[in-house]
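In what follows, chain A forms one complex with chain B and a second complex with chain C.
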Partner chain A sequence: MAADTGLAVSAGRGGFDARRWGAWIVSVGIWFIPLLWIDVITYMTLTIAGLTMGALLFLTASGLTLIFGLMDVLNLAHGAFFVWGAYAGFSLLNYLNTLGWVEMASLGQSMGSLVLTLLTALVVGGLLGILLEKIIIQRTYGNHLKQILITMGAALVMTEIIKVFWGPNDEVILVPAAFKDSWDLVDIVVNKFRGVAIVVGVAVFAAIQLVLQRTRLGITVRAGVENREIVQVMGYNIERIFTGVFAAGAALAAMGGVMFAIFKEQIYPGMGDETLIFALIVVIIGGMGSVAGSFLGALMVGLAFNYVAFLVPKLALGVNIMIMAVILLIRPSGLMGRK
Partner chain B sequence: MSEPTLSLKDVHTYIGQHHILQGVSLDVNAGRATVLVGRNGAGKSTTLRTIMGLYPVRSGSITLDGEAIQNRKPFHIARLGIGFVPEDHAVLTTLTVEENLRLAMFKESEDGWRRMESIFRLFPDLKRFLHSKAGVLSGGQKQMLAISLALVLDHRIVLIDEPSKGLAPVVVEHLGKSLNQIKDTTTVVLVEQNFYLASQVGQDYFILDDGRVAHHGLMEDLVNDHALKRKYLGIG
Partner chain C sequence: MTDLTPVQRERWHEERTRYSRPGFLIQMAALAALVVIPLIFPSFRVMDVVAKIMIFTIVVASYDLILGYTGLLSLGHSMFFGIGAYSLALVIYHAPQPCWYHFLVAAGVALSLSVALALIIAFFSLRVKAIFFAMMTLALAEFTDILAVQWYDLTRAEDGVSFKLPGIFNLGWSGPTLGGIEINGRLMTYYFILVVSVILFVMMVRFIRSPVGRVLKAIRDNEPRATALGYKTFRYQVFSIVFGSSIASLGGILFATWLRYVSPGSTLSTPIMLNILLMVIIGGLGTLYGSIIGAAFIKMTETWLPDLQQAAETVFPNMVILHRLAERWILYFGVLFILVVFFFPRGFVGTAREMIRRRKAIARKRS
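Showing the complex of A and B:
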């Protein structure tokens, strides 16, 4: 009975579901309510900034939702993969700059250096993910407390290793020349890298959806999440599949790290901690295990942060926690999570 | 007498601290339908799950056509040619019927699709609901899908755990007919509480009691042995 109090008026299949609609009204409201107080030009500029932040957050949150939602692993080392990706990209960009491929680069060279940087982050994140899953995570399946403790420890170790190799101080990361300036679209100033970030975010979203929904690998992953035993007795090596999912999640976090670093033009060893909190909020809003939910959640968080930072700067950080709380109250499984 | 396809010798299995299988020995001959019967908790399902590698063997041996398979991983045992239908209509409810079957096919092949066609002849409902999520199927349809998942590949043996559990009598009747068709082409090991169904399908039987084989023989003999049935199965 307790669960049926309040807004619970779900009428079954095809019926009116107040909780679902309430959550969607909150989601859509975030996009348009700011127009009540902000002029259109500023609104568009803030919207593009919000979409950029959303796309970047999605890169990190998508990995977290795969690991957290699909594998049921509470991975607090996710932020460390993010930092490793950023530092790997930092070193590669410094090297490419000595070849003239970054600060003095043509459009083609800039694109090439960005693609190489993203691939490097993906490989570094993926390899670290495989190591962590094989050495540590595999021993903790089914035990959330162990997962929290051991991944927190792993995150600390990984961050300290960063300090050993790259030092504890903030560093400026180079931005490929072609992405430094801005477009002026009818008085709306759009930084070129923001455009790149949105394109990368959407492309990664489409790629993950394609793999999960349309390929045998994706079907196997979804099946393994629902019932490992059935998948095993069909002849699939579920341990290897889950190592792969963990590595993919870590690789995405690393790619998110280097994209965020280039966006901020700055890296530091503690940058993963802040992003992990945002990513957790995104995953909870979107619904654990739902990549589409994470995409939507990331956009909501990015937009709300930018609108509120403009309107009431002191509330900027808190607004996302408020959105998360409201969504959880209305729809505890998140926007697109399974009940 | 030819060598058995599947052979268990003095198998002991623990679940946690509980000593469930206490020296099970049994032989399954190729081309036969072997039924494991016994009271609840006798160790029937545990025997199947131990064969599949889902529970570790503490001691004893399991061989498939002479090759030791005890304590190998479940996916490895499946690839060696043992199909398994777990109890409780185990299907992947978030996938469509077609996705379930494609996944079970492991690697898509012409032979796999041919077998799929024969499955649709056996269970026409599955073709009708091919693009529906397996979660919307009825209990009987789910069980048909669960059995089909083990039939998509040309397994040497198929282990089926309590297929009639929770199904209406009319569905069990249909299931019995289907299992009889399956046993014509595949070696089957069936765990079944419903003695009527077990006797319809089974050719050989093993009675398990307290984690040991208490009796075994031909099913036609068990059907007529009312004292044995009363003693171990509680039916006369």
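Showing the complex of A and C:
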């Protein structure tokens, strides 16, 4: 597998690869096609909306691809972590609001409460992830069917517990005051929270890549995926590392959940399932286990969804399935997936 | 006489004891019970539960063909179920007058749609990895659900489609009264469902005992070996998916026939898929007869659990958190699901068969 990717890189370096460049030009150019039907201002607004959605989707999908690609666990409880993160953030924001940090906040206070909320979501997601991995997932490594069934059951239980504590209805989540209004860039209206979402998405992407590619921990994780026994023989505690990766994936999902909830300004127990489908599509498009792939995939899905939703609203949900089908036809293992 | 091969001997034995085995007697008794039940308990509730158990037995058994006998996890079985239900509902709803041939049209539409979809899913996802199949089916099923909710002109969205059935299935129809039992449209529908589901179930039993079924089991247990023996494993897997999905869509037609009402929530949504999964796991993977147990268990709890809940509310009127806990019966299904997957991975029928086998082995050792 490693030799295969190495070969592809060296082929790319040596000389002008027409096919590769053609693919790049087509894949970048395709995003300008909607300009034929949409005027520039609307196009820019839609693009920013699409990028926001992409960034938010990436937060969720990155956790899924970490767990799935690195540990080979298809985690259908991912949506449940997402909802737990969202509800934890919801409660914290409600509490912070009693201190005057949310609805009446200054810029600094808004930033502070957002950071606190994200941290809470991360911690809640991480703890739940550790719990689930220790109690349930650890006993099912290597058995896909069991994993899928077990995580499905876990998702059910976790979502139902949410309904017990917070009730089954839609709620309005508070948005920190400083992110409520929008910037006006040359007639293009950009909601401030969208900017925040894009920044957070890119930052998380950079952080994951940095950790996986440049640190000792990342190398160990990647090695553990390739060959579990050898890493164990080298003296690393592989079980603890896997628990950590699972917790990290769950924490990312939880953070994605709270960001998504603030973006939508509402929250309900079923939101996890809906997002899980999007995240699955993103992971399939991007190729399993490739964080960069799921970043690209998330942006594609977000952009395509917004353009098509503007042009032909009824097709909006179908377009993602269509993209997935086309990509699977061309590259069965996804954009950046390993063969 | 020449020596028989083990398989031949087994078949000969099976043939000879066919009508005297306890299994056969149980089957006949169950069939008789299904025929008699609506006559003994004329209340709608009992008939409703039994009819739903029959319908879900078909759906779950067809799911078992794919999951238990072929080893492929599909998370889109509710989609095929819903396709069947919606074909009947929409054909009758959009036609001026309900007619007999609408059943045939609906079956044709449902079968062709589900065959086409199953083929597409199989060709897209099986090429890569079995796990893709699970993800693809999940995504597609969710998409169908959303489509049904969004496309108001065709499906009436969440309002659902209610429709009338033709002739003797119509609720308004009432026939003669025989021995104190009034023969009405609902009763006729019940027997229609009984006949069709028995036929479909026997078809599935024959299918898994056919050579194709044996090859499927071989592929499930050891795919490289089956390939090495010269079987085109991909073709067999596709065949199994298409067959199972088509039967599920026929089950959907039965469901629509019984309820005369179809909505996304009752046919296409994820909870239905979860129910099917739970039934197949509780009954036992790869047992086919387990689907009866699974469907019966879940449908009966679903019907009679709310009574228990009301009892809990009258006994403890002031504990809100307890009420909320009682309301969330899906929570207990989830816990049960996890426990069954962990401790009884073979399900009810699988575990029972194992126990019988073990007891027989001990008895043989003693003699």
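We adopt the following convention: the second predicted complex is superposed on the first by the 310 of 339 C-alpha atoms of A that agree within 3 Å, B and C clash if a C-alpha of one lies under 4 Å from a C-alpha of the other, contacts with A are read in each partner's own complex, and residues count from 1 in each chain.
Going forward, contacts are C-beta pairs under 8 Å (C-beta built on N, C-alpha and C of every residue); 3 or more make two chains touch, one makes a residue touch a chain.
Note that the structure is a prediction, hence the values are computed from the model and not measured.
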item: Partner chain(s) touched by A:I238 [first = chain B, second = chain C, both, neither]; value: first
item: Touched chain A residues, chain B compared with chain C; value: C
item: Touching partner for A:E171 - first (chain B), second (chain C), both, neither; value: neither
item: Chain B versus chain C as contact partner of A:E103, first or second or both or neither; value: neither
item: Partner chain(s) touched by A:R222 [first = chain B, second = chain C, both, neither]; value: first
item: Touched partner set for A:I230, first chain B, second chain C, both or neither; value: first
item: Which of chain B and chain C A:S333 touches, first, second, both or neither; value: second
item: Partner chain in contact with A:E160 - chain B first, chain C second, else both or neither; value: second
item: Residues on chain A lying within both footprints (that of chain B and that of chain C); value: none
item: For the chain A and chain C complex, residues of the former touching the latter; value: 74, 136, 139, 144-146, 148-150, 152-157, 160-161, 163-164, 167, 273-274, 277, 280-281, 283-284, 314, 317-318, 321, 324-325, 328-329, 332-333
item: Touching residues on chain C, where the partner in the complex is chain A; value: 71, 73, 124-125, 127-128, 130-132, 134-136, 138-140, 142-143, 146-147, 150-151, 270, 274, 277, 281, 321, 324-325, 328, 330-331, 333-335, 337-338, 341-342, 345
item: Residue ranges of chain A touching chain B (in the complex, touch as defined); value: 216, 219-220, 222-223, 226-227, 229-238, 338
item: Partner chain A, residues of chain B touching it in the complex; value: 52, 54, 73-75, 78-79, 83-84, 86, 90-95, 99, 102-104, 106, 149, 153
